[in-house]
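Here is the structure we will look at.
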């Protein structure tokens, strides 16, 4: 049914955008682990709306409550259930959507699949579901941190503004230094200004997030159908609005010759390593020990304030005029989501 | 363990490149279905080496044997096990690889993961495993065909040669008319000549395959983690050498505004449809009823005939000189594999 | 990790006996189904402690809250999360158990497995977890009822008091007419008196519950490893304190000859049926269309008020004196749990 | 679909009784393990028909062929596929069954489920499928043996002849000393004579197999739904003809008081242990470290040579007269199957 992800560190999420709560059950978290609760809240705060003037204005404290699996601050090895109550839910705001199909939203397809839908803010199809992922991902990152594994995601492109530097040239500890989460001050400024511009227009922008995972030991991952990069792609494409994934030399590598793209093995002072890393840290679906890196493409968010033509459930032409809030660019808020999903994938192997 | 794919129509593959056989067990194939055995062989022939002078010269008849699940030509609803014996296996040819790590191959990572590897032709990491997928995919395509669902994959790019036409401008029934499986005669000729050139150089080329799935009914797919496009991405990235996936407007869409990328709903003579299809036939992870289309990026095949620097298991520098066979461009042979995996994904929902 | 059951109608439970809440996530419940909320509460009331003077005196209202998956009274097809808060939780009552291993409880084994345990009332090993199953089972029974499938469980044995009648001689609609849930007034009276006696002694009694499932259509179930009876056995043995399962002629049938045990096929006025039903309604793991029936054996509950010898975590001899509440016989309260698990198993096939 | 069992050491079986082959794919076998091939054949020989005059006379060499996953005698960590060809297959012998429903066989239910069946010898419902389990179980036992874990199954009851000794009074190394696999010479003689008697009558007998697993470390198993005993019950009930399972004090324990059934913890010279083992080595679904033991009840085999009344697919009354081979008591041949399934269950936790 698609509401769970992972096997050893398995997360199952539930909740609609304007229902009682969004929640996650984490099954497989190691026992005896001391959770850093403040850090979980920090990650939720990186995702929450209203954190800057380039994101949605929906007001949600997004405070979490632990229902099970933790005793005296430590994990029990039993399922950890955590919920966040939906508070800024104004169902009446959505009455005009009861019978409308919004362009590039899932209203129509949910109705075709289920014969029923919660029209309030997209119901289950809302990106509000990612709260659950960020909670689980925060815990996964805490587990990985103990093992020295670090995960960095940052905004590499917004609309047509691109960060044209290799990640090794950037200080990945400065990602959160600006509202757009691009670790290059000049590019960040351009991105912010582009977002402010479309915000004024009532429009939105897509972009690309790059993610780098450091210190993954060699030998992690399963070959054949569950290659490490295939599972990462699955995880990333499961995030709302994502339309593409590439790792290592990716789409650009498709135009190369083998002699250009192959990574020679070298003896690096006693350690076997490769001269280049076009493989993106993965060969045959298994980690090489080098950095894993990949790009995730987001379409521009579908909700815009400009009037749009559409049809209603009776097939009649309508003009949609969203007068509420909108998120001109989700990428800054999607950074912790990409990190969360990457952490969940890796934790599944590390346990 | 990653050797199975799918839930309702579940395939499990086994076999090493130079072991006794490659095989597949299909669990969940509907009972009472009359298999077209000749068609299964045809699909294997589209994948097999030696089919043209731009592919590998390994000689394999790749004839299959059904071990179970079929009675008097009809499926029983029980697991269908099918094997293909490995015949052109010359283990001695591979002795020089016993202690070598080939660039951009999985020798090193398999050894790190398992502590042991079958060095003969890559063992389990060999793309010879895809025989099993093509067999299962042939059956899946037969099932889908009965329901009117059609799957077309073709070569869209080889190295730097690109087919710059929308798929609607092409006759997708001509894909197999040339050796490179590009349904545009002029571009195909350029691609073939590029492959012949690198073949002479002992080098290889990557490229892009595009896949189009027609007549998928609206409402198919699971939201949240197993979005239809996430499962397709998983399936495609699980194919050897694949480094990227994008559907609908993909990476290009990341640079657009919402107002440019959104697909307006229209009433198309009584049928609700969208004016454009930047969504790639999928919204919220569920099919819209429109064509599903996506691109798959392949790196150039790692095996080349040019000498390459590398190290052996002791960490000593070596020069690798493959004097055997090589496949200058796997894309023509990968077309049936992409189709097979797409068919397997869709069959999982259609049953 | 063992906290989920089922595939199509999949339940995942969470919660410790004295944590914040017990909960269940139901994934796969059909969309558009109108839930009977009062009936869910009724089933919880049949399970809850304190409902009669032959059960535990723990006071819990056991009121449920729906967190997701239901909109305007109807299921959305998305995960249904439901929780029950723990209220009568007096952690201090359990301080004497922090370092004790209670006889025939899971204290020792949880500590061996996890290295940590919630000692308050058994934590996750407490039968309080079955609240989650009863909620999901109530929904499953509602779904099955619409299809005409009925499930009856009743107490067939308490200690040495046995109900020696075939279920066809009993009125299964009278099961709830007495506190012990045995649909035979005389036997019920003897059972109640036996339980009152051990209650006075501070001791407990085991027993047997029989379950009958009516109107299951022929052809349901999977052969080989997931035979319908194998899945029922799995479900029943997963209930706390259960030590045995038999279906059809069961253990008694083991002493018969084939000619005595075989069920002849007959033409029963146009319907193919069997003369006898030693098969228990299942052949080759698939339903025959006849009644499915099975017995479930419960050990006497481990918590007693008599002093018992044991050891603590340091290996020192201790005398345990439980001065709190105890349940002299769990069978009456286990009846809805057996029904719930049976309903969940069958619903997995019916969807 | 029910053709797979286990998660970490996962087996998937395929094959019909009179198809080309019976096979198993083992996914998750540790890499680098040296297989004892002779031992696998020994286990197959313990299961095969015709091994003594109290079993079926079907002649099958039951020789296995390894298709994958093993290189130079060692496991690769990749799927191990092993097949046994069906040789003594005389399809014509079964023509009279094409339209007949045999009493207490799965002919009718398979037809209801699949709409098609392979009538030759029961097709997929035949116990010949257990060849695949015995192969996988032999490997599992080899893995467990290295860890000191031993599994013994023996015949405890045949018809009304019971072995009334506790397993600790028996020499479990003498199980294979007689044809019936009962480790008590006197009882074995009585059992053999009872089987010879029903063989003459063309009838069959059921019985009980007891299984003891020694040296399982404490802390193995999952609580809640996948309790160790629930998974064992699932595994045992999945064996053809099994109708009951009980562990520890089982059905007999249901008539006891808590004070009689509870196992006191004691300090046994520095080791924490229990005075008695009514728990059957499992508490809360997790192993205690003590012996795990359970009973498995088999119905008498359904195929008998006496004439039987039945109906055909048209609902017409018929008299069935099997003139072929029959197995008067499957229990001796089921001993290695019970051991195999027990080994597979435990190996899933030990890896």
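Each chain gets a letter, A, B, C and D, in the order it is written, and its residues are counted from 1.
Operating definition for what follows: a contact is a pair of C-beta atoms (placed from the backbone, for glycine too) under 8 Å apart; a residue touches a chain by one contact, two chains touch by 3 or more.
Being a predicted model, the structure only gives us computed values, none of them experimental.
Set against the Cα centre of chain D, the chain with the most distant centre is A. Judged by shared residue numbers over all numbers used at their interface, chain C and chain D contact each other through mostly the same positions, with over half in common. With each centre defined as the average position of its C-alpha atoms, the distance from chain A to chain C rounds to 40 Å.
Here the spacing of chain A and chain D, counted between their Cα centres, is 48 Å. Look at where the CA atoms of chain C average out and do the same for chain D: the two points lie 27 Å apart. Contact with two or more other chains is made by residues 1, 3-4, 13, 78, 113, 124, 223 of chain C.
Residues 1, 3-4, 10, 12-16, 19-23, 25, 27-28, 31-32, 65-71, 74-81, 83, 113-118, 123-124 of chain D touch chain B in their complex. Taken together, the chain A residues at the contact with chain B in this complex read 1-5, 13, 101, 103-106, 108-110, 112-113, 124-125, 129, 157, 159-160, 198, 203-208, 218-227, 229-231, 233-238, 243-251, 253-267, 270, 272, 274, 278-280, 282-289, 295, 297-304, 306, 308-311, 315-317.
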